[in-house]
Amino acid sequence: MTRHFLAISDLDPDQLLRLIRRGRDHAAADPRQESRLGLRGLSVAQLFYEPSTRTRCSFELAARRLGADVLNLDIDTASTVKGETALDTAMTLAAMGVRLFVIRHADAELIRTLADALPPGCAVLNAGAGRRQHPTQALLDMITLDEAGLDPAALSVSIVGDIRHSRVASSVIAALQTLGCRRIRLGGPPAFLPETTPPEVECHDNLADTIRDADVVMTLRIQRERMQAGELAGIDDYHHQWGLREATLAKYAPRARIMHPGPMNRGVEIEDAVADGPRSLILDQVRNGVAARMAALEWLAEENQR
Amino acid sequence: MTRHFLAISDLDPDQLLRLIRRGRDHAAADPRQESRLGLRGLSVAQLFYEPSTRTRCSFELAARRLGADVLNLDIDTASTVKGETALDTAMTLAAMGVRLFVIRHADAELIRTLADALPPGCAVLNAGAGRRQHPTQALLDMITLDEAGLDPAALSVSIVGDIRHSRVASSVIAALQTLGCRRIRLGGPPAFLPETTPPEVECHDNLADTIRDADVVMTLRIQRERMQAGELAGIDDYHHQWGLREATLAKYAPRARIMHPGPMNRGVEIEDAVADGPRSLILDQVRNGVAARMAALEWLAEENQR
Amino acid sequence: MTRHFLAISDLDPDQLLRLIRRGRDHAAADPRQESRLGLRGLSVAQLFYEPSTRTRCSFELAARRLGADVLNLDIDTASTVKGETALDTAMTLAAMGVRLFVIRHADAELIRTLADALPPGCAVLNAGAGRRQHPTQALLDMITLDEAGLDPAALSVSIVGDIRHSRVASSVIAALQTLGCRRIRLGGPPAFLPETTPPEVECHDNLADTIRDADVVMTLRIQRERMQAGELAGIDDYHHQWGLREATLAKYAPRARIMHPGPMNRGVEIEDAVADGPRSLILDQVRNGVAARMAALEWLAEENQR
């Protein structure tokens, strides 16, 4: 059976730990080292039905560092002009010899349908789908915690912001729980809290209770479009109530390390002093993003070559 | 004299057979094999003045598997902003060291003009031009027939759809006739039949007569834009009269294999059961497209290196 | 301290001569030679906030010929959708392991700010900024003069056209003066002459006085947008007064070699007979552009690796 990487919850703790270890090895390695070209001769296609330069570049660098060829499909130009379905696009690329499909799409079901339809030997990596799944983001966060010497099983983790619409949040919660994390708190304005609270997770309606004594605080990107749509009172108001500021952290969560999936809205969900200060793990997350994607690509290539 | 690949009719039977054999070798080879990097250090530029993700990806994979660098020029962004002519663009790229030019353009004459103007050692591959020429598409179709054990000289081939506006059709007819095919039938609504019937070819005004007892039926993509422009009565009507359906094929052409240059309009010129059924050679065509382009690129690189 | 390449005037004569020599070596080398892969394993990102296919392709070919990976960021799509600042984009790419940043931006100050902010080991190449700086263009022009056997210290160089808005002109003037050139004349309509004449440079209001007995005449691209905005009387008028025509050159500057940074407006600032004639160094400039960028990339990679 072909192995894909569609959701973090598809992995058991051992599988996730192996991927974390593999990612840490890549993060520690010299990018100029020739011997890591494990994907040489393999073709990777990136199908991004939602734009994300950051994630696309991270996957592209990961694939190229492993020696793969990378095809970037600009889907706006590509399929709308001639009206080809996503399934025909994927099947066509598979027939052309593409073996690894990095796909971002608003519809998580579609990605699973593609994975089921592709011929044996072709693997799908979910690069962000729907509101729930962004498995490589969760993997890079776990690699970053591990690198910082933080064991999820012993941590209190707080997630702040638009939890409801965030595939980052739900993927990270799943990864943390897989690794035994027992204390996860979520906080944000009512419209941003999840409709159904995940098991063993607390929700709060104020920042102090959300982050008090947390070891790790992850804040999420506020989509300005939502604010313009009137779901939020305003940017200043959000920053005042939910923005991560050094003064608040010093008071309520003095030892907390800070994470953010990027790109940041500085002055909205986070102030510069926090983003760029000593608590911040944000650039480590970006760095480990490439390593996480190398680990995931390499793992799928190996699993499907047997 | 520099060798280009502008039209299938520029090749004599021996040259075409050699390209087919070369393409079959590439199709059979393992893409991860290092020894095929015959274009290493060569730069290929893709100039697509009409969008075609499918053909661009096919050429890009072909070039990369041979070790070449590939530059993709987004011509909308590129030349309209600064108003450079296609000739200056090509001459500039040649001066930068590009040796192989993969060009798609609405104007077939322009491609020939570029080929004539480029300095020695620079070769042009026509990736689709005007209404007549798409030589690598014809090549991949011949490779696919060969692989399926079908000898064009002994075949009855039917082509259905918008023949008049199709460079695929005219290129395939030329390739089949070069290889000795004696029975080619064309069929479609009156507005889609060619203004001048090619020699030794029959035209029909109904599907049954077009495909009766054919060995191979190739159907062409219906451009929805044409239907919207009122040239066709409607999609349902077209599907009813000219769409390839398993029931019709079983009745009139029971042993026929099916080809389509893609991308398909499912439910218009072809139904799912035919596209995805055992008669279909459609994904073989896509797979052999990469092999055909590898063969063509390699051939031009060799011819022009002497 | 990290070494960047932001302005030609940052180089002393020895440094500039070393870069010219290095560029000439690359220009003379066989692109298929394997041993020049000095950037293998390094990642280069191209951030073009103003479109320029020509410069982007030149850098891309240069980087790939040295074995680097190249990421092209389409900034329109990229950063406007999610509103990330240029600084966060650059820091993110640096965290992903990008070491060389090729940046074009309307604001020269911004490029310097990015260079200052990036972590050690990350170098910025200015690929055109503001109205003053385009250092690799000046470098390729100096390589082209050297290759043509022309020593700047002994030359009379004339620059014709829109000097005021041209970063090419000001960069070339700086390079020529660094190499000891004592006779530089500028000419163009009043609205195109510089607000402040650089030291030891003459300005003229007619073509004859600008180019009389010059060894080299460089003409600049007329931006049609400016003409439409009414800054110029009209295209025909400009061509009549300031266009380089063989008849004028034969009369006033019979031994002059002609340069143009491209892309050309044929029939406006230059006629075909001059652009394509024996005086023209224009395609040599394009060819040497790749060599110049190879020299610059390699130099920065070496300087920052120590």
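Every chain is named by a letter (A, B and C) in the order it is written, and numbering of its residues begins at 1.
Just so it is clear, contacts are C-beta pairs under 8 Å (C-beta built on N, C-alpha and C of every residue); 3 or more make two chains touch, one makes a residue touch a chain.
These numbers come from a predicted model, not from an experiment.
When chain B is fitted to chain C on its Cα atoms, the angle of the rotation, on a 0 to 180 scale and to the nearest 5, is 120 degrees.
Looking at which positions face the partner, chain A and chain C present mostly different ones, since fewer than half of the interface numbers are shared. Annotation: 40 Å between the Cα-based centres of chain A and chain C. In chain A, there is no position where the chain touches two or more neighbouring chains simultaneously. The part of chain B that touches chain C in the complex is made up of residues 40-43, 45, 69, 71, 73-74, 77-79, 81-85, 88, 91-93, 95-98. Chain B makes touch with chain A in their complex at residues 30-34, 51-54, 57-58, 60-61, 64-65, 221, 224, 262-266, 283-284, 286-287, 289-290.
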